[in-house]
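Shared chain: chain A. Partners: chain B in the first complex, chain C in the second.
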Partner chain A sequence: MVPAIARPQLDLELRGIRKRYGNFTAVDGVSLKVKKGQFVCLLGPSGCGKTTSLRCIAGLEEPDDGDILIGGKEVTRDPPWERDIAMMFQDFALFPHMTVAKNVAFGLEMLKKPKAVIVERVQQVLKSFEIDALANRKPGSLSGGQRQRVALARAMITEPRILLLDEPIGALDYSLRETVMLELKMLQQRTGISFIWVTHDQNEAFSLGDLVVVMNHAKIEQQGPPEEILQRPATAFVASFVQGNNVFRGKVLRAADSLLEVETPAGSFLVPGAGLALGSDVSFSVRAENLTDITGDHHLNRLTARCTAVEYFGSVRRHIFERSDGELLKYDQFGAHAARIAAGQVATLGWRPEDTVLHTGIAG
Partner chain B sequence: MSTIRVRSAASYWLAVPAAAWMLGVVVVPIMLLIWVSLWGGRAFSTASPLTFDNYAKFFANHTYIKLAFTTVGHTATLMAVTGVLGYCIAYFLTMKVRSPLWRLALFLAFIVPFWTSTLIRAIAWVPFLGVNGVINQALMFIGATNAPIEAFLYSKTGITLAQVSLYTMMAAGPVVYMLSSIAPALREAAMTLKAPPLVVFWRIVFPLTLPGVVIGQVLVFLNVMSDFATVATIGGNKHALLPNLVLLFYESSQIRAASVVAVLLMICMLIGVVIALRVVDIRRLGADR
Partner chain C sequence: MRIGWKQRSRVTSWVLGTLTVIFLAYQWLPIFTLGLLSFAGPTGGTTFPMNGTSFHWYEEVWKATVMNDFKPPLLRSSLLALACSLTTIVLATMAAQAMRGQFRGSGWFFYLMLLGIMAPGILVGFGFAIMMRILGVGLSWDTTTFMVQVSWTLPFGFLTMLAVFNRFDKKVEEAALTLGASRITTFRRITLPLVLPGVIGAGLFGFSLSYDEYPRSMFTTGPDATLPLAIMAQLDRQLTPEIYAVGTTTTLFSLIAVTLCTFGLWAMRRSTAVRRT
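This part shows the complex of A and B:
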């Protein structure tokens, strides 16, 4: 059923993976292509099927349906120990009864490498991960950051085609994460090993991934480069999951000149789009930074609401407004100039129709 | 909530009831036993001079020495059999039985017999092993044998059979605990590092359950070394081990000789436990997890 021609340019291909546990569908028809040396982030809320998908790739779960190809070879029913992958677990899963050096050597011992080669290679890897001083310690006496390095060294030493990472920095202190993220990104670029990184943290996904795959309810909602997910969310779910979007749902009222007028509980707005029947249900979003409180003629979409709170994120001042339909509206202002709107004030916000994104995705 | 510091006065007072209990039922009787075993002279009284004569008499008797070795050998056999069997049962219960309800039911089925006394459970084997017992009738029914096999009851085989059934769960229990405390991710990590199942077991699972195995072995060792009831009921009068000798001396009012054997048995057990503790530090159980 698999074509004889291998596809060496793809490190991984998922074709319609499906996995059910009793009545619960954990993964529902997930398809994905990972090019050689790509950094892929599976992003989604907990229970969306991202970890189950990862476990299917590792061979720790067997999908009920669909095919998995690693390096062009069909491996759907192969056990984990026959797959060209390595995995980093959420709590690192270091072997507690072995020293750091023994943990790191484990993969090479399984590959039946000569003793001398193992010793030398372990030395090398311990050094390059700056954990050579810990070689004879047991995992129980290590800090979170040290464990993370050991787990990474243990996984990377076998030089797998793909490294699977299940929330690899979720167990680390917040202050460590940014450094570790940068290190991992550099390591990935240097080695050219494909990374598949599961996370629920969009900052991780957008700053690391070449390809971001947003999942919800066992399905892929959207996949693409980070900018595309951020700027052109395909579904209302992606738009609302990604920070800084204002999502509206409504019905098409009028259509003309590749512009739709959509009627929502918060008012009628102009959205670029065409080919939709009048009265059909649509959703669209506009990013918080594309709003303005100094409205000109081109800000055809306008909305008056009361500001309920103002938050500061470094150079960004975020205003939270309460929309007339009860939802929140976010408006971001950049720069250090004085606030024009204070909490409790009523203001009119406007945005250009071309800054509005109509959601065209099917899922969600 | 306030906590009680380890070295505070309150902590010492709280330890008093348990300490008094242990002193009364463990320490004092053992001291008495040792004292009596050293009594010399002809009269059986507290005024007896202290001497090692009783011990010398024991070690001069080849029959007793042989019996001691038989006891240790028999215990070793039981430790081996219950160890392997117990590990298999523990592995099956924790790794293969997926439904928690089934696991509980099976575990109870193994545990419930322990609610009765050892003696009752030992006696319960008699109708199984006897000449007209269940096993012989079943063997004759399926035609495996024409005449009933007498070797089951009042034999070493019978004693071993009964003791295996009595003590296997003691070997299995600690292993169940250790097995269920191994995070599944550890085995999965090994598998993603190219270890096939047997290697995962040998390199990861078994070493992590070793403390449980050792504790189970200690339990079996202590129980078999001191079990006179099973030997007496299943072995009849034909077989005896060291603990039966204590009983024999006691029944014939040779209290000093009985004390000597009891003290020697205790020393054997102590040595066994010390060896076990050298292999596994029980106090540090689970500290690495």
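This part shows the complex of A and C:
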């Protein structure tokens, strides 16, 4: 982690949060530090505990164990209405019996602000979210994009310390998402409010988050800046969850010069690493774009396989090979030049040991 | 000709349509009969064939020879129904709200609540009267009858409110909580307005069930009778079309009341309706 600069102020701190429902452990010892104004994405498959963690922060769930601090103040057992947070729900949860203006005003009314102040501030916020024309409409008559704006305006009007977002753009049309993502990122940077964004979509997490927290089976697998998660996955789960990684599992066969030779069902490969006993189980990964079909002397890791499909994404051509252990191998070729390998062809792919990442995380 | 699986054949439509009409006639014809006989002539009886037609019996009601006997029971029954309705609203909403939280023993609570529907009314009334006698509590329409009737109206209101909360989106309450509203404020500003149609439904249930309740009132009312008891007593004494005129008049009033309530609900729903774009 980055060394701390003289007690940086934390907007949020989770210390070993645990939440159990009967025999099911939803959150198992989650610890997290969110600096002031940070954009944090909780990323993971459904049921990994990301939403429960978010609900614990909001106060909608009470953790069985652990502490929650918001702005340095312990709030673990405080009710939601006493916490300096706001939350945006996936389906927006607008109040169907109130107009847009009433929805947006709700948070200020709860703070018992004078009526004139509320009216003025609501006007201002409606205008800044470009929904002033909808002020007297009921949520039922709004489109998905309009509802999203109303929900955001309603959450932001009290200027909370932290905004919690539970799959906030999951209910939107695909074509809208990119625009909304950019707007939200700009809004977050302008206001300096910490965002905690729960998603199962890695594109959202990597393009938005300052800090990406990957969760699986109620635990945090890895947390760090997007680049770190992408380039140096800590566990086999993170590597396989993040697109574009080829994951191998095997046993250490030999160790020398900070290089390990790992025997896998798909062959033996060289992986940078040290301090591991011979025969211990390890996993490692190599990114699809680090493979090449024009192998040179430094591409010490080689694998021959049959190409089963080629997918073309515009800037990248992805080749899918079938590994001898039955798993798929992905090889990305950048640039718009013509394909060198066609489906059905057998090719030898190589990569450098230094492009290989040994998974060092404990979980998974 | 082959028809699509979503279309009904002509024969099916006719059969189902006829059955429906017969069913509705079976349900409503007795009331029409009652209405018709109330227009019998001055010498008419309470059975067919009718002996002339007139407004004679309505005049009698208007002149209030019989109505005078019915006025106090009518007032009692109305007050009783109103009290049962309000009690049902409050208790049913609270009980259903409690059931949402799935407390310890909530399964037992559910079945105990429904016992009021399952138990035969006449036995409940009789048993309750005996119990009151043992306890030395005097029987009266506004104490003992009220309690017995609430045990009858409450389960219906409870089921209504359970159904309403079953379709209720918990997220809007959570949104209010995260926006700084306490639980009481959330209930007042968000939950209650959204379930209000159901609450009114539970109240109407309570009113109409109490208003014409006979078996549970029979043993528990004491000297001052409720309307169903008074009407029954009148039927025992003398049977003239006057009683039909009373019935027709009250039915008309009920219809008007229900229509007004329905219209009110419709207007309320329209203002909160989810309109699709």
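Note that in this section the second predicted complex is superposed on the first by the 356 of 364 C-alpha atoms of A that agree within 3 Å, B and C clash if a C-alpha of one lies under 4 Å from a C-alpha of the other, contacts with A are read in each partner's own complex, and residues count from 1 in each chain.
Heads up, the rule we're going with is that a contact is a pair of C-beta atoms (placed from the backbone, for glycine too) under 8 Å apart; a residue touches a chain by one contact, two chains touch by 3 or more.
Small disclaimer: the values here were computed from a predicted structure and weren't measured.
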| item | value |
| --- | --- |
| Side-by-side fit of chain B and chain C on chain A, or clash | clash |
| Partner chain(s) touched by A:Leu111 [first = chain B, second = chain C, both, neither] | both |
| Touching partner for A:Phe24 - first (chain B), second (chain C), both, neither | neither |
| Touched partner set for A:Phe313, first chain B, second chain C, both or neither | neither |
| Contacts of A:Leu142 with chain B and chain C, given as first, second, both or neither | second |
| Partner chain(s) touched by A:Arg154 [first = chain B, second = chain C, both, neither] | both |
| First, second, both or neither for A:Pro79, with chain B first and chain C second | both |
| Touching partner for A:Tyr174 - first (chain B), second (chain C), both, neither | neither |
| Chain B/chain C common contact set on chain A | 58-60, 79-81, 83, 85-87, 89, 91, 93-97, 106-107, 110-111, 138-140, 154-155, 158, 164 |
| Touching residues (chain side chain C, partner chain A) in the complex | 169, 171-172, 174-183, 185, 189-190, 193-194, 271-277 |
| Residues of chain B that touch chain A when the two form their complex | 183, 185-186, 188-196, 199, 203-204, 207-208, 287-289 |
| Chain A residues touching chain C - in the complex, by the definition given at the top | 58-60, 79-81, 83, 85-87, 89, 91, 93-97, 106-107, 110-111, 138-143, 154-155, 158, 164 |
| In the complex with chain B, residue positions of chain A that touch it | 58-60, 79-81, 83, 85-87, 89-91, 93-97, 106-107, 110-111, 138-140, 154-155, 158, 164 |
